[in-house]
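A, B, C and D are the chain letters, set down in written order, and residue numbers restart from 1 in every chain.
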Amino acid sequence: MSKLRPILTVDDLERFIDAEFSEVHVDGRVYSLLEVSPGKATLRLDPIDRHLRPGGTVSGPTLFTLADLGAYFVILAHIGLAKHTVTTNMNINFMHKPKPGPLSCHSTILKLGKRLAVVDCQIVDDTGVLVSQATATYSIPPE
Amino acid sequence: MSKLRPILTVDDLERFIDAEFSEVHVDGRVYSLLEVSPGKATLRLDPIDRHLRPGGTVSGPTLFTLADLGAYFVILAHIGLAKHTVTTNMNINFMHKPKPGPLSCHSTILKLGKRLAVVDCQIVDDTGVLVSQATATYSIPPE
Amino acid sequence: MSKLRPILTVDDLERFIDAEFSEVHVDGRVYSLLEVSPGKATLRLDPIDRHLRPGGTVSGPTLFTLADLGAYFVILAHIGLAKHTVTTNMNINFMHKPKPGPLSCHSTILKLGKRLAVVDCQIVDDTGVLVSQATATYSIPPE
Amino acid sequence: MSKLRPILTVDDLERFIDAEFSEVHVDGRVYSLLEVSPGKATLRLDPIDRHLRPGGTVSGPTLFTLADLGAYFVILAHIGLAKHTVTTNMNINFMHKPKPGPLSCHSTILKLGKRLAVVDCQIVDDTGVLVSQATATYSIPPE
């Protein structure tokens, strides 16, 4: 996939989120886009109380949301803001219960076709444990 | 799967949620368990603003959460509250964008083994449109 | 999904298989299309030695093939032979090891859009045990 | 996952296949295990006619079989031959139609627990095109 080149920067995407996708920040600035590179992006979550389960672990829906956002942003970075992609499928595996600290979602584009994009997401904690892996498919509507 | 018999009622599960799983109600009483029957359960969501996306649709993470809770409750209803199951995999398909109204998740146990349970979840809106389908796997720890 | 109406019969599909998809019969006439109805189809497999694993169970790849063919035929039955659909995703769960006898795949269309179709496949043995469940997504190319 | 260390070599696995899993070679020696390393293995397929579809592409069931074998062998390499793992779930994405030539499945262990193993499989052709990606879950029975 070495031909992939991002056309948006981290700053471009953050301006888009602030202007048009502000529900990302509904619980405060818990998500930070750390990096965009060819075929890849990294999104970090600093969980707050509502993301946790009793016993002190980050909830499954929170991990799903992190993967869904991480996959969405890596696609936007490579196709631009004009197209409105939607998630059609997500297959997510929960490997290890994360401690209630920051998590990073490393997203890698596996396919970027005209109609479908497929993204691999690996969510790790700050000690490098692979907490969750997801494969997400997005539909890219015709122009 | 006609041998499946629930051992908990809707009331039992609601008492459990209130006593030990109150984060279900973090956004108010948006979830209602409507029915438990052999191998099946129905969970309803009345979405509020934070579940919606601009343009007026229920967000993907909200649908994931509804499926995850619906699958969890149908398993609990059949194995009891003593065991602590955890989601190991969810495969979720998003078929139609739901209008911003109530959604019902119909969960059906496909397998209830000693170590793994598999549940099919079909999320429909009030007009019967199939909005989302998920297949979820839960690990049942040894006693 | 009550609006779905098949436009091909079992006989139509069998003629298509004989004329244009004869690799279905590469191991003899092990597959039989039993029924097509609105939104549904049933495909039967009578396994032969090469479908079995030592210990006498039907192999995972054989179950995958049965689900893939079953999903493909129910889509063809509803969209006709002119379009060339391709599998883009299959999520398959293996619940119970099947005995080395006949298996039926009951396929149900969950979504039939212009670009994507999603099908649920449930594979049962002759005693009604649910051996495997799959959810398959097919891409329908533009005309 | 740097703690993973294989306990079987390529030669060990090939002897096991010849002695106890000879149905791998039912169509001749089309599969070759190329490499085993910490957390990883590579399995190659040289397709023959029965793996192809008209128009000259490798069939979906063939790709599934390659991923299933590749994931199985990387687990065996790390847990040994005494345990009898079984596939419980496979989620497979078909990205690009492969040309009718050799394919390599690169398997990476994402989790190796006491009861469940999760493996990522990436199938590439000889030009490096990512043809298919799969995530497979295996159940590891108690001793």
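Heads up, the rule we're going with is that a residue touches a chain if its C-beta (ideal position, glycine included) is under 8 Å from a C-beta of that chain, and two chains touch if they have at least 3 such contacts.
Keep in mind the model is a prediction, meaning the values are calculated, not measured.
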item	value
Minimum number of chain-to-chain contact steps, chain A to chain D	1
Pair exhibiting more inter-chain C-beta contacts, A-B or A-C	A-B
CA centroid of chain B to CA centroid of chain C, Å	28
Mean-CA-position distance for chain B and chain A (Å)	24
Chain A-chain C separation of Cα centroids, rounded to whole Å	34
Chain C, residues touching no fewer than two other chains	88-89, 91, 93, 137
Overall pattern in which the protein chains touch one another (line/ring/star/complete/other)	complete
Touch list for chain D against partner chain C, complex	20-21, 23, 26, 50, 53-54, 59-61, 64-65, 68, 86-94, 97
Parts of chain B lying in touch with chain C, wherever the complex brings them together	1, 91, 93, 95-96, 110-111, 118, 120, 130, 133, 135, 137
Residues on chain A engaged by chain C in the complex (per definition of touch)	88-89, 91, 115-116, 137, 139
